[in-house]
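Each of the two complexes below includes chain A, the first together with chain B, the second together with chain C.
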Partner chain A sequence: MMLRDFWDGLPVLFQDVIVLAVLLSPLLAVGIFLLRGFAPWPLVRAVIWRFRWANAMFVGLIAISVGMGISLIAQERGLRQGTAAAADKFDLIVSAPGSEMTMMLATVFLQPTDVPLLDGETYAEIAGHENVDFAAPLAFGDSYDGAPVVGTTEDFVRHLSDNRIDGRIWTATFEAVAGAAASVGLGESFTPAHGMGDEADDDAHGSAVYQVVGRLPRTGTPWDRAILVPVEAVWRVHGLADGHAPENAGQIGPPFDPDYFPGTPSVILRSEALWANYALRSEFTRANETMAFFPGTVLANLYRVMGDIRQVMSIMSIVTQILVAASVLLGLFILTRLFRRQVAMLSALGAPARFVLAVVWSYAAGLLVAGTIAGIALGVGATVAISRVVTARTDILVEATLGWSEIHLAAAFLAITSLLSLLPALASLRQPVVEGLRA
Partner chain B sequence: MQANYPMLSALALSLLLGAVVPAQSADDHAHDEAHSEDDHDHAEEHSEDDHGHEEDEAAHAFEAGGIKVVHPWMNATSTGEALFFMEIENEGTESVTILGAEVSFADTAELVGFLMVGGEGSYEPLPGVPVAPERELDLAPNALAIRASGLTASFAKGDTAEITLLTSAVPVPLTVEVEAEDATHHSHAGHAH
Partner chain C sequence: MEFPLLVRDLRVTGPSGRVLLSVGSLDIPAGSVIGVRGPSGAGKSTLLYALGGLLPATGSVRWGDVELLEMPVAHRTAFRAANIGMIFQDFLLFEELGSAENAGLAAMFAPRQRRAAVREAAADTLHHLGLTPGTRSVASFSGGERQRVGVARALAADAAILLADEPTASLHREAADALIDDLVGMARDKTRTLIAVSHDLHLLDRMDRVLWIEDGILQDSVHDAA
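Now for the complex of A and B:
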C-alpha cells in the first residue's frame, strides 16, 4: 500500500521515464554482459553491409509492425482529444427529451437531424434562471454552399470565438458572421438555400440576402464551416414570428417574447461556476418536458466504449507484433546460417564464445533498434497523414502527437525481441566448426 | 509488447517493487440495524425477485427530512479512493443543498463534479449543489459524485458500506452497495422505486 502511494505520488513524467528505463533494462543488461571488453563493431558493420538487402527488408518489416501499433494508439488519442476540444465551448445543453447523443451530434457537431422544439415559455424560464449567464437558442435548417447557416445570439458567438471576431458582430437582422473555414469572405453577401446537402433548395429563399460583417478565428470544430446569423433572421426567412412582439420589431437578441417565439431545438447554457451547471442540469431535467446534459459527460461515456475497442485493437496489434517477432527470430536463424562460415572462421581462429555471441547478437539488436526507430517515425507519419484527412473531412481538429504509451510500446517490443535474438546467436555457436568452415 | 499504458505501468510497478496491495476484508461494514425506517415496502417488492441478492433485506431507497436517496452504489476498490453515486430526490417544499458526505472509513469525503478539458476528464471539488423541490440530482459516473480519499478498507463486489449524506436540511444515513470494479451503474438501475 505504501509503495503504491509512493509510486502514485511521483510526477507523471518521472513515472513514464522509469517505465521506459525498466523496459529497456534487459537490452542494456545483455549488451553490457556480452560486449564488456570487446569491440565487435567492424565485424558487425561488415556483416550488415554484406547482407544489406536481406537486412533492409528485415528493418522494413519490423518498422511496419511497430508503426501500426503506434499509429493505432496515437490516432485514438488524437480523435478523443479533438472531439472533446470541439465540445469545450458547450457547457450544458437543454433540449426536448430524447437521445443525448443525437442532440449532441446536432448541436456540437452540427449534424442535421429532426428533433422536437422547446417552446417560448420553456426558453424564457431557462434564460431567466438566476444561475444562467446566457442561454442561446439555435435555429438550423438553411445552408450555403454545403455549410450550415445557424441562427443564434451575439452572446454565443462571442463565447464561441473567445470574443476574437475579425470585423464586427451583426447589428442588423441580415448580417452574418462566418466561421474560419466558411466559403464566404468578409464583405461578401449570399442567399441561403433551404435544407442541407443534396436536398437543399437554392431558390426557396430568393429574397433573403445576408451580408458577412465578421469572421471567427479557427476553433477546430465543425462550427468553423458554419455561417452564424441572428436567430431572428432564420425565423423570418421561414415565415415565422421573429421572437419579438410587433412593437419591438427590429430588435436583435434576447429577451424574446414567449408569445412570438417559434421554438428552438436546443438551448446552449453557460454558467461560470461548475456547481451551477450541475444545479441547472437538475433543474431542467424534467420528465416529458426538458432534458439537460453535458456534452463532456456524453463524450466521456463514449470514450469508455472506445477505450474497450482500443484494448481489443491493442491485443490485435500485439498478436501482429508477436507474429513479426517470431518471423524476425526465424529470419535471424536463416541469416546466421548465411554467415556460418564467418562464425566458424572466428571460432577456428580462437575467438572466445562470448565474442562470437557478441557479434551475432549485436548484429540482430542493430537490426531491431533500426527497425523500431524507423517504426516510430513511420507510425507518427501515418498518424499525421490520417489526422489531416480526418480534420479536412470533419472539421474536427485532430492533432497527432507522439505520447509516452507509444514509446513504451516500442521499447517493450525492442526489449522482448532483443532478448529472443540471443537464441539464434546461441544456435550459431552450437554449429560444428569444421562443417562451418567447409560451407 | 504491451499497448496499454496503465497495464504497462502496473506491470513495471510490480516488477520494480513487488508490491501486492493487501486485500482487506470489509466485513465490518456489513449491514447494521440502524435503518429501521428504511423503505421496507421496497425490500418486499424485491424479496421474490431473483436478483442474485445474498441479503434480500438490502434496501435501495433511504429517506430523511423529505430527501429520498435511491440506489447508492460504488465500484469495488482497493486503491484507497472511492466515488459514491446515487439518485437524490427532493420531495420536500424547500430547496436543499447537497454538501457531501460523512465517511467514517475515509480521511476525506467531498462532493465533486466531472469536467472535461482537452480530452481528459477530471473531478473537481464543488461547494454544494442545490436541488429545487420536486427535482432530482443524479450522482453518476462522469458527472457528479462524492469522492472519498484515504480509505482504510478495501471493498469487493457484494459488500456494503455505511455513509451519511450531508445536506443543508438533515443528514441522510445510507447503505451503499458495492458493484463490480468496472460497473457503470447500480445493478438495479432502471427500476422505479
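Now for the complex of A and C:
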C-alpha cells in the first residue's frame, strides 16, 4: 500500500521513465554481463557488414512490425483527443428527443441528418432561463462548394472563435463569416446551394447572395469548413419567418419572437457556471419534449465502447508481436548459421564462450535495436501521414504524436526479443567447433 | 614456457563409431618442427584438432604438465588462448577488417591489461612478415598476404605451440616458399613447437620429423622427410 502511494505520488514523467528503464533493464543486464571486459565491436561490425543485405531486410521487417504497432496506438489516441477537442466548445446541447449520438454528430461534427425541430416556445424558455448566458439556435440545410452553410447567432460565433475573427462579425442578414478552411475568402460573395453533397441544388436559392465579412481562426473541428451566417438568413432563404415580428424586420440575433420562430434542430447552450450546466441538463431533459446532453459525455460513452475494441486490438497486437518475435528468433537462427565458421574459428583460437556469446548476441541485439529505432521513426512518420489524411477528410484536427505508451511498447518488444536472441547465440556455441571449421 | 607433447592411446571416433584417429604413442620434444602427411581424408586435420583439444577424444594428450583431454572445455579454451596458435588452410580471416585487427583478434577477448601487448605483438609480427599493420580490408590482400596475417594472428598471443593446417595449400609457389621461410624461421627463432599438416614437400623438407598417417592411424611416427 505504501509502495502504491509512493508510486502514485511520483510525477507522471518520472513514472514513465522508470517503466522504460525497467523494460530495458533485461537488455542492459544481458549486455553488461556478456560484454564485461571484452571489446568485440570490430567483429560485430564486420559480421553486420558482411551480411548487410540480409541484415537490412531483417531490420526492415522489424521496423515495419514495430512501426505498425506504434502507429495504431498513436492514431487511436490522436483520434480520441481530436474528437474530444472538437466537442470542446459545445458545452450543452438541447434538441428534440431522439438519439444523442445522432444529434451530436449533426451539431458538433456537422453530419447532415433529418431530425425533429424545437419550436419557438421551447427555444424562448431555454434562452430565457436565468442561468443561460447564450442559447444559439442552429439552421442547417444549405451548402456552398461542399461546405455547410450554418445559420446561428453572433454569440456562438464569438464563442467558437474565442472572439478572434479576422475581419468582423456580420451586421446585415446576408453577411457571412467563413471557417478557416472554407473555400470562400474575405470579401468574396457566394450563392448557397440547397442541400449537401451530390443532392445539392445550386439554383434553388439563386437570389440569395452572401458576402464574406469575417474569417474564423482554425479551430481543428469540422466547423473550420463551415460558412456561418445569421440564422435569420437561412430561414428567410427557405421562405420561412425569420424569427422576428414584422415590426422588427431587419433585426439580427436574439431575442426571437416565438410566433415567428420556424424551429431549430438543436440549441447550443452556454453557462459560465459549471453547476448550472448540470442543472440545465436536468431541467431540459423532458420526456417527449426536449433532450439535453453534454457532447463530452456522449463521446466518453463512445470511447468506452471503443475501449473494449481497443482491448481486443491490443490483444491482437500482442499476438502479432509474439508471432513477430518468433519470426525474429527463427531469422536469427538462420542468420547466425551464416557465420558459423567465424564462430568456430573464434573458439579454435581460444576465445572464451562468453566472448563468442557476446559477439553473436551483440550482432542480434544490434539488428533489433536498429529495427526498433527505425520502427519508431516509421511509426511516427506513418502516424503523421495518417493524421493528415484523417484531418483532411474529417476536418477534425488529429495530432497524433509519439507518446510514452508507444515508447514502452517498443522497449518491451526490444527487451523480449533481445532476451530471445540469447537462444540462437547459445545454439551457435553448442555447435561442434570442428564441424564449424569444416562448414 | 616449453611444452613437450606426449600422446598415449589417443582415439577419436565418429558418430557411427568408426575410428577416425588412432595414435598409440607420440612424443614430441618442445621446440620441434614437425610435419604430418598422408592421403586426403586420412585424419591429418583430425590429429591437429585433437592435439588442440577441439575434438572429443579418449586417451591422453599431454602438453608439458597439462593433460588436455581431462580438462573442462572452458579450461581447454583458455589453454589454447594462452599457448596454441592455429593457422588454417583458407586463412579464416574477417574479410571486413584490416590486418591489424585480424592479427590482433586475441586482444578483443584478452584481459584489459594485456590488450595493448597483444596488439603490439601482432603489429610487430606483421612488420616482421613484411606487412604494414593497417585498417585496409584484408579482402584486398593476396593469398600470401592473408596467410601472413593468419600467422601473425597465431603468434600475437606469443603462443609456444603452432598448429598449422595446410598453411600453404591456398598459395602459389612463390608465396608458399616465402611463407614457409617465415613460419619455420619464426618457430625456430623462439623454439616454438610447430606441427604442420601439409602435402607441400617444400614445407615438409624443412621439418625435423614428418609423421605419416593413413586411415586414421599414425603408422610410422618417425618418418624421414620426403
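In this section, the second predicted complex is superposed on the first by the 439 of 439 C-alpha atoms of A that agree within 3 Å, B and C clash if a C-alpha of one lies under 4 Å from a C-alpha of the other, contacts with A are read in each partner's own complex, and residues count from 1 in each chain.
The definition used in the following text is that contacts are C-beta pairs under 8 Å (C-beta built on N, C-alpha and C of every residue); 3 or more make two chains touch, one makes a residue touch a chain.
Since the structure is predicted, the reported quantities are computational estimates derived from the model, not experimental observations.
Aligning the shared chain A places chain B and chain C next to each other free of steric conflict.
With both structures placed on the common chain, the touch criterion links A:405 to chain B but leaves chain C unconnected. For the combined arrangement built by superposing the two complexes, chain A sits at the apex of an angle of 110 degrees to chain B and chain C, based on C-alpha centres and given in steps of 10. When the two complexes are overlaid on their common chain A, residue A:185 makes contact with neither chain B nor chain C.
A count of residues in chain A touched by chain B and by chain C gives the higher number to B. Touch criterion met: A:341 reaches chain C, while chain B stays clear of it. Look at A:4: by the touch rule set out above, it reaches chain B but stays clear of chain C.
When both complexes are overlaid on chain A, the residue A:300 reaches chain B alone and has no touch with chain C. Of the two partner chains, chain B is the only one that A:274 touches; chain C does not reach it. In the superposed pair of complexes, A:352 makes contact with chain C only, with no contact to chain B.
Put simply, the nearest alpha carbons of chain B and chain C end up 34 Å apart when the two models share chain A.
Common to the chain B and chain C contact sets on chain A is no residue at all. Only residues 1, 3-5, 7, 15, 18-19, 22-23, 69, 72-73, 77, 80-85, 87-88, 274-275, 277-279, 281-283, 285-286, 294, 296-297, 299-301, 304, 310-311, 314-315, 317-318, 321-322, 325, 404-405, 408-409, 412-413, 416 of chain A touch chain B when the two sit together in their complex.
Chain B contributes residues 1-5, 8-9, 12-13, 15-17, 19, 21-22, 79-80, 113-121, 124, 126-132, 135-138, 141-144, 184 to its touches with chain A in the complex. Contact residues on chain C toward chain A in their complex (touch as defined above): 46, 49, 52, 54-55, 73-74, 77-82, 84, 86, 88, 92, 94-97, 101, 105-109, 111-112, 115, 153, 157. Only residues 37-40, 42-43, 45-46, 49-50, 341-342, 345-353, 355, 433-434, 437 of chain A touch chain C when the two sit together in their complex.
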